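Here come two complexes built around chain A, the first alongside chain B, the second alongside chain C.
Up next, the complex of A and B:
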């Protein structure tokens, strides 16, 4: 009798070995539930990224291998023909070169002037807030409206330029109409607009530099402002400078509004830039396949900037 | 080594008087601590000595030279900051080398590529390297020279900051709460190290802190500041045992000094909370004058005999290992007093029990209603006048 009762009862040792296995089972169940919840939570964002970002990029890349024209029901796969044509296309070559020139002028100048403005304003006294707002205004304003304003200001007959330029002996000088000056005038407008944005970022960076470092530098023998800038400000601002450089470079590659409103790519393709060429090919000439190839080139440039930031520069500039 | 003399220094921020007519004379090779609560102006005084702040009035002399118009880098001083202020992008080596580089190399020498081509580049570089290595081995940070400040611990950063200060043998070291960012254990350790460093270097040290333990343990003299005024300057023991006024007595000592009200009853006797204490007073103290009797916790002892003593009830006990703190509410007082008693001395009294407290009259301090010290013995009075 005693034996029959005791036999189905597990010994304490058995119990102790069996219990963790149950716990483990429960834990495995918990893990799968957690994994499913995680997937469920990630799915909406992933879907949106796929539909709105990755999908369209893939479609554009796909279209760049076709001769599809906007509105045309048929399309043919033509392989690398569009890209081959790009290399021969004089307008595209000018456009790419112009975009590079625009970037090379606009990026360094808007960064340097932004940094200079940030340092000068931070050093300044009571009018700090006024200057900060004044420099930031162009960033907040509508580019197209500002472009129209610039158009009237630079008008050779009735604009401000018509009044000011003669003082410098430049009578009848047409900044936006001259083949040699149009692109650089657009650069100037771009700098005017981006400077405030860069300045605000630099100001945030400057505010993050501890004041004691400047005092330590002063005691160490950094006698003048330039020494202190080289020893403290510039190295400690480098994460901000990197960010500003990449953002400004990408934005400068995207220049479109001012070109569209002010010059329309002219005179004689002097202000033809990548996005503008893409726009005319896609929505004026409806050569969508060809425009897609230009877009792919543009995307490659943007990826290149991002890649440089991620793999080369970021490792050099973060100290903390 | 150099003397630092401060004459009638005044500093105002807008309408706020931060320093009021400070005069202080720091001896050659002395370790002087500026001690005081936050906002008392001690850091401002140090920054004025460093040249990071200008005084409104008064003069600062370093090594018998008025330095009011001298730039910080030309004052031959070095400063250690509370946050260490190390350059985060430079290695430990470069951080320590920076004062030498900025001083002995021209901006042309410091150019990244061009500098290497200049004639004395190698010679200068070797000179700086030797100096940095010497300092690093003295501070035991030789193995950290290649690392960045972010890769070393707080204590090591502190040493690097000290190294950067030491590397060019300044005449005066200024330290602005250098230990307050360290944890308690490391702070005690670094205290000994800095004191040792002072003995080794024999330079003049001016050390700012709000921590009385640091001030008491490290300094040759303490300058106690409060509300922009210098209250007392003297060796730690003297400032503790013989404070000039109530503020000084209250600031130094942990737990704080007990203040028990009393009245001068007749010559030689003070009545306080139902007890009469025999005290020898200098002539001129009037009868019926209200006084505060200052008794340090270690002086206030529990007694069992029948002599004159304060009677009270134990309200709280704190056992701290080697000693315990007895909080007693003396009859007729609103606040409890604290006595510190060694555990070996007697058994712990019970909370709620009635006890008798007494202090040896030689060890108590008497303060008038205005907070000024009433010196009880003519001998002590003489000392106080001389100090």
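Up next, the complex of A and C:
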């Protein structure tokens, strides 16, 4: 491509007079070439981002102001009616509340257990790789297959539950069928699956803490492990904890697979959660406009979590 | 913190971690153990790691014959491979341009990538479904692949990687007369293999395990991916035949589990990178 602007060798005199402009020409040529190449390289990705991500978000917001139902030729603008209806809708209110409960249980527990596992594994000693693999395995495994396995294990007649539950005086109890236990059982499966994910992130965070800090803390009188954790590990890990919290919260709001496979939102809406409600409204009842409004609520929650994180990150920067 | 542990501390560490590991691995052991037991033994209840009578052959045969499990596995493989190839082909050049070239609108494009990272796939499900329906491709492989052809995560990941390559190498290649396309194909892609591996792991793991999207766009059982297949098997076919159901479940988790055990560090780094980008 460079050949097009290089002419036959000029004479020395010509060269000395023409050199600056020629170099500039070369520079401009390179820049336009780079510009053209860059456009060629980014165009497919840019178009797809617009078609598959940013456009659809705008469409969802637009649809949420309509009464459109999939397959229906009529589409009317109804303003905020869908949102007004959401506030009155018993199922949606339960769904939103359940999602919050699910999140409030799953997020802290999977973070605390993930942190505990990371610290214990990294504190030295043997079997490090085995433990890491064991705790991480559920992250890799297909949620649907594992949910079915959990359902079998929780079977009060022939599952592991048949052996364990009698110790708690709960013989024959179906955890996934109980009005008060179903949601928490799903939380348990969620914690089981996500704990290893958080653990790996904490392990990366722990690896970044310089060992001298622990020695310094010890010299300053931080005698026991708890003091060292409180004075060194926890504060230095706080950026990691912040982003693990946000990412776990977002993931918990996306819970769907276990609900669809195990409870179908039941019993009596006890496990109805946001994405499940969105799915049934959009793809079972085909109330597209209404489902779009639920999607917007979901999206608002996800963005809220991100803004909370940015707010705290900003604060941290100011502290420094 | 990395000091040698006292024997008491080491013991407490193992007790806690081993207890946790048993809890984490219990479903896998339960699954494997049940897949080798006969229906009578399963309904008798109780737990033993190994069966009294080996029934593995029967259960695994039934898992493959009571449903087109091989077909589901092939569907799943085809979909994840095509998705990743398209993602890499589209994301890598864009990432290179964002990292190494000057062009108008670069900041805006990067802003779009960052915005894209915030968008959960469920949020665009309705419009993307409608788009595919308009294109009349619902219930085809295209419907499983097309929505995932763009990976903003992949763009971000590859861009971060390309930023670490020094400009001098690229300038040297330019002076040697290598074209920009040549630089991407012959210089960048070969050095980017570790980053592409991480990208591949993230992509394959999430799409092999994905349930939400195939559930929405598929009704044709011939196109089912493994998660849909096993969920269908659990609901309709077996009823109470847990042995073959567990056999089917262990078969569909096997490829990733085996891959993970073979390349633990690569998998863990890949998944951690995914979180790092989104966090």
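The rule we apply is simple: the second predicted complex is superposed on the first by the 266 of 320 C-alpha atoms of A that agree within 3 Å, B and C clash if a C-alpha of one lies under 4 Å from a C-alpha of the other, contacts with A are read in each partner's own complex, and residues count from 1 in each chain.
In the analysis below, contacts are C-beta pairs under 8 Å (C-beta built on N, C-alpha and C of every residue); 3 or more make two chains touch, one makes a residue touch a chain.
On a predicted model such as this, the values are computed, not experimentally measured, just so you know.
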Partners on chain A (chain B, chain C) - clash or fit: fit
First, second, both or neither for A:207, with chain B first and chain C second: neither
Broader residue contact with chain A after superposition on the shared chain, chain B or chain C: C
Which superposed partner A:300 touches (first chain B, second chain C, both, neither): neither
Chain B versus chain C as contact partner of A:235, first or second or both or neither: first
Touched partner set for A:74, first chain B, second chain C, both or neither: neither
Which of chain B and chain C A:288 touches, first, second, both or neither: second
Partner chain in contact with A:219 - chain B first, chain C second, else both or neither: first
Nearest Cα pair across chain B and chain C, whole Å: 8
On chain A, positions contacted by chain B and by chain C: none
Partner chain B, residues of chain A touching it in the complex: 210, 212-213, 215-216, 218-223, 226-227, 231-232, 235-236, 238, 319-320
Complex interface listing, chain C residues touching chain A: 1-5, 9-10, 13-14, 16-17, 20-21, 23-28, 30-31, 34, 42-47, 90-91, 93-94, 96-98, 101-104, 106, 109, 112-113, 115-116, 118-120, 122-131, 146-147, 149-150, 152, 155, 174, 177, 179-181, 184, 205, 208-209, 211-212, 215-216, 226-228, 230-231, 234, 242, 245-246, 249-250, 252-253, 256-257, 260-261, 264, 267-268, 271-272, 275-276, 278-279
Residues of chain B defined as touching chain A within the complex: 50, 52, 71-73, 77-79, 81-83, 85-90, 98-99, 102-103, 107, 148, 150, 164
For the chain A and chain C complex, residues of the former touching the latter: 1-2, 30-31, 33-35, 37-42, 44-46, 48-57, 59-60, 63, 70, 113, 116-117, 120-127, 129-146, 148-153, 157-158, 160, 162-163, 192, 195-197, 200-201, 204, 209, 211, 214, 228, 233, 243-244, 246-247, 250, 254, 256-257, 260-261, 275, 278-279, 282-283, 288, 291-292, 295, 298-299, 302-303, 306, 309
